[in-house]
Structures are given as C-alpha cells and as structure tokens.
C-alpha cells in the first residue's frame, strides 16, 4: 500500500515526529511504500541541519535524511511555513538576501498543493500533529 | 493528476492564540484551488474563527478572518458549523462572517463517512 | 509566613485546557486573575465558565485583556459583568501591584 | 452514500484535552480507535475516561500502542480490560484495514 | 549574587508526549545547583512524570526519569505531589520513583504564598 | 521596577511571544526597566535570523533585536534548548563542525543559571508560555 505522511509539529518538543518515524519504519518493514512526507506548520523545524541534540539522544533531523535516502522518500516542506519559521533553502536565502540557508539533506521546499497531491496519490494520508 | 478526492478539514481551535486557524485556512484554499471537493468543519472552539468584528490591530497580528469571505470565490460551498458548539457559546449563525450550514453530531458523522481524507487542525 | 499579593494569568480557553479551572482552585482572597490570549473567551457570559467564577464576596478580582477581546471579535458581545477590562498598561500595573505573578 | 471503515487516532490525555471525548462522539460501529502518545493514559482503569468507553455491543474496538504504554510505565498497571494492546506493525495493519484515518 | 529566593516549579504535563517534563527538570536541577530554595510540585497529569518503570527503549526517546532520583543529591527536599491527582488516577505514593510529600489543594495554596517566583510547565 | 521575562514558545505558532513583546513595550513606556529576556524551550526559535514572515505581517525576530538595541536589553537563549532545535551562534557552529550559524543580532546563548540569575535580580519574573 502507498502511504503519505503529514507532520505538523517540531522535533523534540512534541512526540509526533517520533511517532511518525516509528510508523514509517514499521510500514516500510511490512513492505509498504512511502512516497512523500510533508512537513507543515511547526513541522518544518524537523528540517534544520543546524540541530545538535545531546549526544545520548536521537538525532531526529538526520534520521529523516537517512530514511529518505534509503527508501527514496520525498521530504517536502511547506515553503510559506518554512520561510516564516526560518528554514531556508539556497534559493530562499538568495531571494531574501540572507547570507545562509539551513535545510538538511534530502528535504525540499514545496507548495501546499504538493500536500494535496500526496493525499490524492496515496492510498492513505496520515497526519501526526499536536 | 485527474483523480478527485473528497477532503474534509476540521477546525477545533480559536484564532490568534495559535497559528492553527490561519494555516488550516491556507490549506483549505489550496485544496479548493486544486479543484478537490473540499468540506470545511468548525467545531468546538473552532467556531470562534468565523466570528464577525475581529480587530487584531491592537495586538499587531495580521487579521486573516476576511479571507473566509473568499470561500465563495473558491467555490467552497460545504461549510459546516457544529450547532451545539455555537449554542454553548451563546452564538448564532447571525454572529458569523459567512453563511454556513448548521449541523448536529449525527449529520457530521454522516458527512465524515463520505470523505476520502479528513485532516484536523 | 508572609502573605503575598498574587496575579494569576491564564491564556487558554476553558475548552482547550483545564488551566483556568485549576488556577481558580489556587486563587485566594486578595488575588487577581487576568485572562489573556485565548482565555478571553472565558469572559463570554455564556461559556464553560458560566457559574464557576468566584463571587464578589470572594475578594478575587478577574480582569480580561481588552486588545485580546478586540482581536477575537468579543468587544461588543455579552460578557460576564464582574470581569474588568484592562489594556497592556493595566497589565503592567497589575504586575507591579502584586508581589508574585503565576502564568498558568 | 458509501460506508467507510475508519481509524481514529488520539494523542492527548483526557486531562490535556477533550479530543478523546470528542473523537468518541464521532466514532461509529465498525470503527477503531487507537490511543497513542499521551492518550495511552486514558487506558488506565482509573482515569477521567472510566465509564465513558463504548461498550462491547457498540461494534467499536479501542486499541492502545504498547510502546507508548511502556514508555510511560503503564505496562504492569491496571488497564481497562476491553482495550487491546498493539505495537507499531499492528498500527500499520490498522491503517491498511481501514479506509480513512482521522488523527484528532 | 548572594540573594536567595524561594522558587517553585509546578509540573502539569505527562512525560514524553512533549519535552516540557524534561526541560522543567533541567531548570529545577539548575536552580538547586544555584543554591536557591527550590520547591517542585507535580499536579494533574504532572504526577505521571514520577511513575516508576518507565521504559522508553521502544520509542527510542531518552528516558530522563532516573534523574528524579538525583533530587536527593541536589538537596531538593521540597517535593510535593497533589494528593487528589494521584488518587484520581488510581495511583499511590508507592507507585512513584522517589519519596514525595502528598499535599492537598489547601496546603499547596499556602506553599505558593511563601514563594518569590513560581513557574509552571 | 525591574522586570525579567521568560518566553517558552516559538514565534507565530503561539501568541505568547507577541504578548510578551506588547507587555515589554508597555512596561518600558511606563518607565520600568527590562534587563533580560530569556528564551527557553521552543522559545529559542524567536532568535533565528533566517525567519522571513509574509511582508504584510510583523517580523517577530527583528522586533526583538530592535527592542534590545533600543533599550539595552539582554536577549539570552538557553543553549541546550537552542542547540537541540538548531539555533546556533558562531561558536556553536564551529564546535559542532556545522558550516553556518543563524543567531539574530542582539541574542546570545547562555546557561539556565542565567535565567535563575534574572529571576533573583529582577523585581518580577514573568513567563509567557503555551
């Protein structure tokens, strides 16, 4: 079965990003497909490559990047949510005359239409939120 | 992509205290522009999103409430408000920014059964 | 034991959270309660809080932040008569007049 | 009108939010409810939800995510007898067995 | 700075679903290390923070619960748990990781009156 | 009177950062002093110089920087909270071998002890949270 996931909360502060990750791992292990994970609202904070959690804790951002690379999953961020909250790709930094970007590998900015598109294309759209 | 799905967006929270109402509205308008069959539900404190006369100038936060009036332009006709939620707050449909369908729990249950995707905010 | 004047602030509606109800359990005579952000919905005459407010003899004063009322379209509505409206300078004054501030 | 099998997930304790209560109002025969994250506290035999669960004849099945029970120290405790424990693969199965998933 | 203040930290939320419990604990230990007079209160769902046998290995989240045991090392002796909150959840002080003082609403009210700073998490 | 403020939620997602700002403005206008504003938990997101809100909306991060410069207020972030959530100063970036920092002008990383210190030094410590 094809799943799409929607994540609406930031890492660490809420468990939702952890639950989504554990769900994704279990779904992939059972032979299901995940095409796209969409990060909306505070969910965009999951994509900052500047995140440095304590060494004995999980690294949520890197975990997403690794999962995406391993299983060819699109990690998309709502660009309006991301810009507002300070998550920028190179293009966003350039356009807004900011000296740096902070998007982690494997993530890409997108429009909300691509969330709708994910919902249409997938057999199930699951959201993980506050 | 030509497939059409029935998408329902359910709003539970009051506006301004958090960004949920605004970002839910953005998603609703996007889904409608994408020509999906969109239903919008306001239940519990979510009914406060549609209250008329919101004036955010004193807290210097952008007032997005007028955007609910664009529902008509986006051809969003399935707008449902939980009847009991309004009543319990001493409100009636006359207090709201736009025309809505007042529904009870049973009717909302049936509407949910018709959807392909249901997202809560 | 020294007695302190206390200001309690609450920022969640009575539906979102039980913080306001809990706060009122810990509010004593001479204390002030200030409703801000989404808690201003509690000031509606008809709300989950109706009938649960401390009465006038309690020595507790309840305030609501007017800019947050206005933002939510509640200024012209039927509000609980004993709740006093204040603006930000009034908020600052309440903080100075009380010894301790608790944000629930 | 087509009838859909539905899975409802809830992630807040009954004290944190009224989401579980609201969700149960919209849960019909044939539906499943899954308690995850802080909602697993609702599975305690003694909780704000005691006496509010749908009974066996309702056709509603309530599940709780075992890894979240374990994380919170609830595995050895007195839980509501009709609530079934499942792990992440079980969560995945519930999603596939139902047509629509609502995360409240 | 030599001034001493009485600081109370009040915990309302269950652990793991959010980071509030952990970050409140960090602040509590810092305040104690700073030699302030610290009181810690667990009320409502906050009492779940102290529940024994928490095992977070299956959700791969760090279990910080053992750190409550260091309260003794930090000389944090004012640990209060709302009696009614425990009872309503079918729990007793035997179910908790550490020794606590069970208090009712009235006693907590009086304790609050003695503080200089009260922070809620 | 001397105030210290504690902000525990991120910008935009929760109104708390707005309320704190309006309160601070009013307090300063009434002749009071604010020495220090401490950002804890998701509050550290208030300090990202990469934030690009919509043009017709307020710019919460820049508003803090301007307030601090105007009234000589210390803007301090809990460094553990900030690192975890991807808010880094130059030193944090260097130590963790990350190619960039994202801390906005006027903000500084600090320990939680400096929050306690703020509470001791101020006449009133006010917190703005979820």
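We just call them A, B, C, D, E and F in the order they show up, numbering each chain from 1.
Going forward, a residue touches a chain if its C-beta (ideal position, glycine included) is under 8 Å from a C-beta of that chain, and two chains touch if they have at least 3 such contacts.
Here the structure is a predicted model, which is why all the values come from computation and not from measurement.
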Chain F and chain D - chains in contact with each: A, B, C, E
Copies chain F and chain A - interface residue numbers shared by over half, same or different: same
Pair sharing more residue contacts (C-beta pairs) when B-C is set against C-E: B-C
From chain D, the most remote chain by mean C-alpha position: F
Separation of mean Cα positions, chain F and chain B [Å, integer]: 33
Between chain F and chain C, distance of the C-alpha-averaged centres to the nearest whole Å: 26
Residues of chain F engaged with two or more neighbouring chains: 12-13, 15, 19, 22, 41, 54, 57, 80, 125, 127, 129
Interface hub residues of chain C, defined as touching at least two other chains: 11, 15-16, 18, 37-38, 67, 87, 100, 103
Residue numbers of chain B (touch at least two other chains): 16-19, 44, 59, 61, 116-117, 119-120
Set of all touching chain pairs, with the criterion as stated earlier: A-B, A-D, A-E, A-F, B-C, B-D, B-F, C-D, C-E, C-F, D-E, E-F
Residue ranges of chain D in contact with chain C within the complex: 15-18
Interfacial residue positions of chain A with respect to chain E in the complex: 12-15, 18-19, 22, 54, 56-58
Chain F residues touching chain E - in the complex, by the definition given at the top: 6, 40-41, 80-81, 111-113, 115-117, 119-121, 125, 127, 129
Contact set on chain C toward chain F in their complex: 11, 36-38, 67, 87-89, 91-93, 95-96, 100-101, 103
Complex interface listing, chain A residues touching chain F: 10-13, 41-42, 45, 48-54, 57, 61, 80, 83-88, 92-93, 96, 98, 100-102
